[in-house]
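Labels A, B, C and D are assigned to the chains in the order they are written; within every chain, residues are numbered from 1.
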Amino acid sequence: MSISTSIWVWMAALLTLMVYSFLYKDNPFYRLAEHIFMGLSLGYTLTILWYNYIIPRVYEPLFLPPHQWSLIFPILLGMMTFGIFSKKYSWLIKYPLAFYVGGYAGLRIPLLLQSWIIRQVEASFLTPDKFTSLMSSINAILIFAGLFATLIYFYFSKKREHGFGAAAQVGIVFIMVAFGAAFGYTVMARISLLIGRMQFLLHDWLGIM
Amino acid sequence: MLIGLLFFFGQMPITVVATTDSISLKPPTNLRAMDTPNDHGESITLFWDRPLDISNIEGYQIFREAEDESLHLAGYAPVNKTEYLDQLGLRNNVEYQYSMRSINPEGVVSIFSELPPVVTAYPQWFKKNEVNILIMIIIYLGLVVYFVRIARKGKKIFLRRIPGLDALEEAVGRATEMGKPILYVPGIWPMDEIGTIAAMNILKPVSKKVAQYESRIIVPCIDPIVMNVAQQTVKEGFTEAGRPDRYNQDDVFFLTSAQFAYAAGVNGIMVREKPATNLFLGVFFAESLLLAETGNATGAIQIAGTDRVPQLPFFVAACDYCIMGEELYAASAYLSEDPRLISSIKAQDWGKMAILISLFFGSVFSIFGLRFILSWFSAG
Amino acid sequence: MRRRLPVIIAFGIGFLMLIQYFIPHPRSEEFYNVIVQQWFIIIFAFMYIFALRSFFMHHITKVKRKKEGYIFSAVAMVSVLFMLLSGLITSRGPFFDSLYNYMIAPLQGTMFSLLAFFIASAAFRAFRARNVQATLLLVTATIVMIGRVPIGDYLWRGMPDLVEWIMTVPSMAAMRGIRIGVGLGAVATAMKIMLGIERSYMGGE
Amino acid sequence: MGFWQRFLQLDRKWIFIGIAIVVIIPLIKPLGLPIKPTKPVIDLFTYIDTLGPESDPVMVVTGFDPSTMPELMPMEQALLRHCLTKGIPVISFGGLYPAYIGMAKMAIDEVSADFPDKKYGEDYVFLGFIPGVSAVILSIGIDIATTFGNDYYGTPIDSLPMLRGVKNYSDISLVVDVSGSSTPEYWLMYAQERYGVNIGVACTAVSAPAFYAFLQSGQFVGMLGGLKGAAEYEELMARKGYPTGRRPATIGMDSQSLAHLLIILLIILGNAGYFIVRRGERRQGIIRRKK
């Protein structure tokens, strides 16, 4: 293996080094890479938006038969955003915003309830099948207690006194263990990413490993 | 794609090899076909009983035929199954005739099972299996409305402190003292996430405070709708504080559109503009630590809050204060001091209590074999 | 009227999208698809016009006023146009792909990998046994970290099992609790938006 | 200011340099730290190892794109190598999404170059992307030839000698999904539960915990999680004397181990320093009060 002769690989390698230079301190190289990155990503998003969304979902249904004339409504709604150019009509933007945000709010309610609440609660009941062995019984009770304490920790409208305060204390213990575990667990993945980049530099670019 | 598959299956020859094996091999019995309930149609569920002797059977072939579809192989199920969901190439309101046969590892097949009555797939108008979700929504909505009404009557509600929010005012004040701006990062997710909406809800009281302190707020955005909302919100905040003149639209801007490009850009802002206070509030993913650690290096006071559980540890580690999980949603109510908003937090607490009680009694009853509380929480 | 109508719109569309979930009929699916994949996209696209305006104004002002580092603003603007044009002219041909694979992807990967450094410095600085909570945090993090590499296995055979136990028992309990709380909070927020109680997202009253 | 006080305020640049060093050096000069395979990896390895040239083929599904390549590419290559070494027929499936096909091609090209005696079409085949995701998984359960039609290179499936007699999942001994996302759940739901085919999974370290439950319930034959899983697999192959190629995961694992150790060392020293400094401060406080 020897050093790469591909101009693309060189480009990738130089950009990689420019970003790493930020670790020392902010400098013109990082700044250059940063602005190239911001520009290219935006250009990329626009291209994708154009080909994958605007053309098949808006342009074609509207301008090719059978014309989907109902799309005029969202276009009118979208045009209301231009109101912000004038002081008098700047409130017009509230209509598309209300439509968009209100629509998503309604859309999310059953989904949130299902995946963030019902599924979690469903899995937490202490059913007899969780008590098959001593270990599994202890674990099941621990999970149950931890869940109780965590929920109480987040209780807003009650003073943390007596039993409630104690439960909240237990809750924060579980929360801290969970945070520590998540932190430690993520370390591996992040180091792997760095190894991947280094393998690119050493293997694909410099050809020394 | 599916039509293509259907076409292929339609062309497949069906070879029936009649050997002694095929006679000893028994087909499944009691085949029943029905429309799959609670769906949009185009799906049929089959049930059957296993043959008595399954020792030599590898699985079952499922065949289907309709007026304009010749008899063809439509599915396969391994020997231990007694149920099959056929969803490939079915159409609504077409009569289908199903049949099955067993197949052994050598590819020898049995005779066909008895034919069940013809069946049609059709769509339903209501997901009966998720009626529990609908009921819960109605109850919860009722709670929210109830507490908002109570609040209108002027009843005070006790709320515990959230340290991160208490620190907010001080953090804004500090920026003014130092003559440096405040950076508000509203997360990297579009406006369709509730966490982002919460970030916008907090932005208004924050920008009001910023205007009162005559400070400057920088809001870089990654999503166009978030940017438009943020501009409206900050403008309104400044107006309410009586300082519309201090609002600078160029400070609430669209940075770029991709996660890590955004992180790179925000890092750039942090090291160059050196804001005295960084607020990371909203939906964050892996970039959380990139932002928080850079901000920490610049010496800014940092308050972070997110509903993304996996990112919380990083904010806890690298920021001065962390608003955890649902506290993010409560934050706008805390800051706004609007009694109607505050009161809805009470509904959240009632929800929590209801869940705790259900969990407790559901578990106790289930030990005695009563599973009705459990069934309220079965998802579909 | 001017104040109420947006609230009515928010409630109306929110209610329809909510009910839509419970109707499996193809009509309802069609409604969903039209709203989410077309109407929302169109509104999004219009908002993008303003986002782009904001982006270019931000950088053009810098260039015009010859602010410190204005050259980078020029680079950013050129990059957008370059990427967009190479996508449109080649209809996303191989050159466009190469720009993605050898410029955007490495930049993305490298930014992501900075986390390896930051996670180390954050751990060093933040993991001090100041009190019980902080001690728990750092002890769990350390155990999990060591249990994830082969050395953990050599130090103590049970290490990987201990890590798994931490992940699936105490950690899971807390994660679930937080998730349920987040779910309740998010649903309440969504309801407040639908009911028009919360409307700071559109600038307020 | 004493040593510990200064250490506690250590500039983060030194930490960055430390991490860079412990990651780069083992890559250039591997240390060969011992690797001890864990049960999920052994299970998958043993399952494949008991197969042979006469067995039904193993299907290796590519489910990752460049972003998770550092972790997953070594796994895919190790799995392909293992099968080719043992002469097990391999179906490499380019994946459920179009972004994965490039990765699949890279893997099969690199590995097959090391096995010049293995013939395409007889010892291994490469199936391309077709749209449909779950519908694709379902229809493989009915008929592979009609699902795909042609292989990646455009050859009709029927004319590939290896696939003669391979009709659907019942003629496949194992499907391994090498995935950077939640696709293993699809394979579980549509292929395993529906058709009863055996599923193995190779995934990133981040998604591994989510699949543990399925592993315990026996729904997955075995699992490779993260770079560690890949390194363990390479180790198992090396123990059996199979050719392992460059062993990228094992090399990476040295860096991984050292980086973890460095971070842990920093935490320990940080705390030691913290306590020493605090005790010093307390003592000074006492002295001051006495005065």
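The rule is simple: a residue touches a chain if its C-beta (ideal position, glycine included) is under 8 Å from a C-beta of that chain, and two chains touch if they have at least 3 such contacts.
What you are looking at is a predicted structure, and each value in this text was computed from that prediction instead of being measured.
Using mean Cα coordinates as chain centres, the one most removed from chain A is D. For the pair chain B and chain D, the distance between C-alpha centroids works out to 27 Å. One finds 23 Å separating the Cα centroids of chain A and chain D. The mean-CA centres of chain A and chain C are about 3 angstrom from one another, to the nearest whole unit. Multi-chain contact residues of chain C, defined as those touching 2 or more other chains: 18, 21-22, 40, 43-44, 47-48, 50, 52, 55, 69, 101, 104-105, 107-109, 111-112, 114-117, 119, 121, 123, 125, 127, 137-138, 141-142, 145, 148-149, 167-168, 175, 178-182, 184, 186-187, 189-191, 193, 201-203. Multi-chain contact residues, meaning those touching two or more other chains, occur in chain D at positions 12, 16, 19, 23, 205, 209, 226, 228, 256, 259-260, 263. Multi-chain contact residues of chain B, defined as those touching 2 or more other chains: 130, 133-134, 137, 140, 191-192, 194, 197, 225, 228-229, 232, 255-256, 258, 260-261, 264, 272, 309, 312-314, 316-317, 324-326, 330, 345, 348, 352, 355. Because contacts link each chain to all the remaining chains, their graph is best described as complete. Interface residues of chain C, counted against chain D in their complex, comprise 101, 105, 108-109, 112, 116-117, 119-121, 123-125, 127-130, 138, 141-142, 145-146, 148-151, 153-154, 160, 164, 167-168.
Against chain A, in their complex, chain D makes its touches with residues 13, 16, 19, 23-24, 27-28, 69-71, 204-206, 209, 226-228, 248, 251-252, 255-256, 259-260, 263. Interface of chain D with chain C (complex): residues 10, 12, 15-16, 18-20, 23, 33-36, 38, 66-67, 205, 209, 212, 226, 228, 231, 253, 256-257, 259-264, 266-268, 270-271, 274-275. Against chain B, the residues of chain C that register as touching in their complex are 18, 21-26, 29, 40, 43-44, 47-48, 50-52, 54-55, 57-58, 61, 69, 104, 107-108, 111-112, 114-115, 118-119, 121-123, 125-127, 137, 175, 178-182, 184-193, 195, 197-198, 200-204. The part of chain A that touches chain D in the complex is made up of residues 23-24, 185-189, 191-199, 202, 208-209.
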